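Here come two complexes built around subunit A, the first alongside subunit B, the second alongside subunit C.
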Partner chain A sequence: MIQLSLFLYGLITAGIYSLIALGFSLSSGTLHILNIAHGDFVMIGAYITYWLFTLYNVNPLLSIIFSFSASLIIAFFVDKLVINPLELKCKNIEEFHSVSVLVFFALSMLLQNMVFLLWGANYVGYTYLDTPILILGVPIAAIRLIIAIVAYLCAITLHLFLFETYTGTSIRAFSQNKERALLIGINVNRLRFIILGISVALAGIAGSLISALYAIFPAIGGSYLIRAMCIAALGGLGSMKGAIFGSIILGFSESFVTFYIGSGLQDLLAYSVLVLILLVKPSGLFAR
Partner chain B sequence: MMDDMILKSFYSKSKMFLSAATIITILIFLPFIYPNLYILSFLITIFISTILAESFNIFSGYSGLVCLGYAAFYGIGAYASAILINSGISPFISFIISGVAGVALAAFIGSITLRLRSIYFVMVTFSFGEILREIFRNWKAVGGALGITLPPTYTYVAVYFVTLLTMLTCVVVTYKLEKSKIGLYLVAIRENEEAAEALGINVFKYRIIAFCLSCFFPSVTGGLYAWWMTYIDPPTVFSILVSLNAIIMTTFGGKGTWLGPILGTLILGTIGEILWANFPYAYLSIYAVALILIVLFLPEGLIKPLQAIISSASTDKK
Partner chain C sequence: MTILLSKKAITRTQAIIVIVIILIAAIATGVYFALISRPQTPTKNEIVIGCSLSLSGANSAQATNQLNAYKLWVDQVNEKGGLFVREYGTRLPIRLVVYDDAGDATTAVKLYEKLITEDKVDVLLGPYSSAVFFAVSTVAEKYHMPIIGPTAASNDIYTRGYNYTFIGQQTVSNWADAVVSYINSKSDLQKIAIAASSFRVAMMMASFVKEGIEGIDRELIFYEEYPTGTQDLTALVQKMKDNNPDAVISLGTLADNVLFVRTCKELNVNPKFFYIAVGYDAPQLLDTLGETAEGLCGMITFHVKLPYPGLEEFVEKYKSKYGLLPPSECADAYTTCQIYQAAIESANSLNPESIKEALLQLDIMTIKGRFKYGEVNGARWINIYQVTYVGQVQNGTVELIWPRAYATSEEIYPKPPWR
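So, the complex of A and B:
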């Protein structure tokens, strides 16, 4: 019985993690940037949802659209104002790595500080649809169930987008070989915005979902960034299938570790898995 | 490399040493002439940041890999010194032991991570700091999340001189490294790893030497910080900001030159202090925007335009 409920909770956590990790894995695997601000986009999405719900009573599930579009707008400015000029200036890929880490760190500081100035540093939260539903005899809040469904739907949509549309195919081509993608006439500048936009927008959606579950504050980004990095490394950077499996592994192990050992060790678990994977098999468990 | 050639042509070496000696003399006599606690503590933080930035430069500036894990060594040094000082060992001996502990940890981490590709190396070094923070937070024997309190056994002037001495040592080591064979090997590896390896340079060996050297000073500085603050806890000493500030200041000043990190720390540290005092809430936003602008418009650091100005001035004279 306990095992079953831990299993279900793990599955729900895995759904949210997969949204965050898919975006992170996509941007780091294809664009070769280490988006340190990824967790902060989750935070922005969460705050937008919280704000719309408490001020205008907007349904949290509806405000997914708002956090999606807000993330896209931020991604557009980040891409046009920062990433594009930076890529033109950098001589080689190593230099681009190191300066893009700096830029995304600055972005993370900026976003956290703006949210802090606008809404303060306190823990905030709201409750929505928390009536329990029995599933296989396990009581689960209705909102958790809806969130899991939305998260998995988004993951499936992303998969269909990548494998069934022209743009998705060109993204995969771009991730495999940038020069050849350029040669066959793929508009790399447009593609970079699309990749960054998808990555950040998924984080925003995840933020909307998270705000309904946990209390939020301006610095929540860090712990989600770690999980995204851990999952992306587990599955291999840029691998979508790997990211899904990775989040399921991390979601389950977190829910079992929290129950049997203690909640203080959650972050330690994620970091240790990350380091072990990178040392033993840097290309990820699911690399071809 | 470059800045030194231009400094030679413009100043000549003896003039450079003279100005360095003047600055050091001023710094030595300052606490006696003007014993202001605010100025002293501001200078101590500047010294600590310079050591961290210069250490980052020793490894990343010359070897090209970005290490995000200096917080791990800073924290280990702080904890080692705190425990040793609390058990009655002289602070100065415990700083040295902290440094050695840091180097041992660096040799361990380096030997398993330095063969990784650059993006994985960033991720692994980043997580080592965070892992240590989580371990120390859950480790009840060393205070857990409450941290460690130390007895206040110092005077401000003593801390000032010890940090000044450590900083000068660090700068001299970087200067010597830049002139030495190891420094040249590292630059060769940074510029073209395959070519360097083909010439018979043992890439892994020189990287690990630079990594261990660059981790000694942050560990000692962590110990100094613990001694100065008399209180440490995991979130402060293992903060990712320790590593990132070093990167920011080095990038602003100019990577791969011994002078760059000093310039960067001095200018950004002063600007940061002024911003902090005037805009306590929006401070981080302003700092972040400034950082993005710096990266966009001065990707090679302040040292490049400075060189251009100096060299044009020297040609005008002739």
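So, the complex of A and C:
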């Protein structure tokens, strides 16, 4: 029974992590940017949902649509004002990659401080569907179950999109070789926006979902970014399968290690696994 | 050979002239030194008070509240023409110099050096948080300037033997004493569980509570520390639940506590006494948890219903100026200002040494109760009359339930099941 509880709790946490890690892995692996602001896109999604719920009583699950739309708008501006000019100015992909770290770090600071100014630095939050229901005899708060279902649905949809649609195939081609994708007539500018849009939208959706679980504040994105980076490194940048697998490793290790060994060691063990895997396979488990 | 010289070296007339010159020079020198050494009434137009605060960064909300209380006090004093300093024979208005340290101790240290050496402030107000105060109190000590930390509760700040470092609120060990004495008053609270996040003050409080619980012969059946910001506490709470505790103590940031409480509700952990710190009295906690917070107890350092002189007036003025009830950091900051005011008026001077001596002699009533500095268990200078309270959420508001003498409402015990 205990093992079943730990398994389910680990699976739920993994679902939330995967949503954030998928977006990070997709943009980092295909666009060759290190998106340090990814956690802040999560934070913005969380604030949008919080304000819609608090001011207009909008159902947090419904507000996913608003977070999704707002994320696409943010992605549009990031694409046009940040990535496009950067790509034009950088001489090669290595330069683009390293400069993107600084640019996205600045963007992260900008977003956080914007939220500071607009809404203050206080912790905020709300309660929604926190009554526990029994799943196979294990009590789980209704909202956490819904969040896990939405997260895994998003992951499946993304997988189908990447592997079953023409645009998805183009994205995979683009991530493998940008010049050849150009040669066979793929509109890389359009693709870049689509990739960034999906990445930011996944972060926005994740933000909407987590706002019902945790107290939120402008710097909340930091802890998600670190987890997303580790998961992406573990599974291999750009690999969707790797992001899911990495999330499950981290989710389960947090759950089982906390119970059997102690909370103090959960991060140590999870990141030790990361170091070990990277020592054996530096490009990540599922890297191409 | 005839030498054309007088028998005398100088003539009488010449001697008289020389003597007169020497006399005039002596008198002039005497008058000059007499004028120089005569005490002059010093002149001064204002009292310059300075501090740095975390006006940007993660603690900006609380630091801004602290600044609001400082400003309220400055306005109140200046409305009356300033503070009377006998040394200058007049009332001097206060000018506040404030810098933003963004919550960074290194930046704050540089800013306090600047306040003392360049801005030449007369009085130093404390920054926000224990971590920043820990660093800047070293600067104050170096320049022999007293400093009071309104929001610096960590005991380790005051056990370094510093002479110019004063507290402006209760110490963390006093926070712990309150909950331990409450548990001691309930004979059926035998099995105690503590979960603490790696948040600095929470860890410190956890160690004091643990020590206290062991001191009153209660069984500490569960004690675990977890990284602050952990996203999932179900496994930890499950493990705690298996030990079936009578009392649960959760120590962490407001976000850590929200997750911990929600997880306890999810796993139906229903102890007789559920206590949380820190951030318990922040209105955001009640907004976030809603009905789930009903019956939750927690650490309170200040309450608007406490019966202290001037408190009601402070609450009214704060509310009319800022539109909100003052949170605890405001009360701490305002208390600090009251202490400084009493010390300056009693010292009759702005000399740092005189203010420090006056601080050590003070015994006053503030909006947070009686204040007298002293050394307790190797910590100085802390308030020897400090009291921390235990609050409980009842019908959506926080009431005081412990110590009994200060209770604003009857306690609800045991804690009702989760709503």
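Simple rule for what comes next: the second predicted complex is superposed on the first by the 263 of 288 C-alpha atoms of A that agree within 3 Å, B and C clash if a C-alpha of one lies under 4 Å from a C-alpha of the other, contacts with A are read in each partner's own complex, and residues count from 1 in each chain.
One rule holds in what follows: a residue touches a chain if its C-beta (ideal position, glycine included) is under 8 Å from a C-beta of that chain, and two chains touch if they have at least 3 such contacts.
Since this is a predicted model, take the numbers as computed values, not measurements.
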{"item": "Subunit B versus subunit C as contact partner of A:L237, first or second or both or neither", "value": "first"}
{"item": "Partner chain(s) touched by A:G185 [first = subunit B, second = subunit C, both, neither]", "value": "neither"}
{"item": "Subunit B versus subunit C as contact partner of A:I2, first or second or both or neither", "value": "second"}
{"item": "First (subunit B), second (subunit C), both or neither touched by A:D267", "value": "both"}
{"item": "Partner chain(s) touched by A:N113 [first = subunit B, second = subunit C, both, neither]", "value": "both"}
{"item": "First (subunit B), second (subunit C), both or neither touched by A:Y214", "value": "second"}
{"item": "Which of subunit B and subunit C A:G137 touches, first, second, both or neither", "value": "neither"}
{"item": "Set intersection of subunit A contacts, subunit C complex versus subunit B complex", "value": "113, 116, 264, 267"}
{"item": "Sites on subunit A touched by subunit B in the complex", "value": "28, 32, 34, 82, 85-86, 89-90, 94-95, 97-99, 101-103, 105-107, 109-110, 112-114, 116-117, 222, 226, 229, 233, 237, 264-265, 267-268, 271-272, 274-275, 278-279, 282"}
{"item": "Residue ranges of subunit B in contact with subunit A within the complex", "value": "60, 64-66, 68, 112-113, 116-120, 122-124, 126-128, 130-131, 134-135, 137-138, 240, 244, 247-248, 251, 281-285, 287-289, 291-292, 295-296, 299"}
{"item": "Subunit C to subunit A touching residues, read off their complex", "value": "56-61, 224-227, 229-232, 234-236, 238-239, 253-255, 258-259, 262, 265-268, 279, 282, 284, 287-292"}
{"item": "In the complex with subunit C, residue positions of subunit A that touch it", "value": "2, 5-6, 9, 12-13, 16-17, 113, 116, 120-127, 130, 132, 139-141, 144, 213-220, 223, 227, 251, 254-256, 258-259, 262-264, 266-267"}
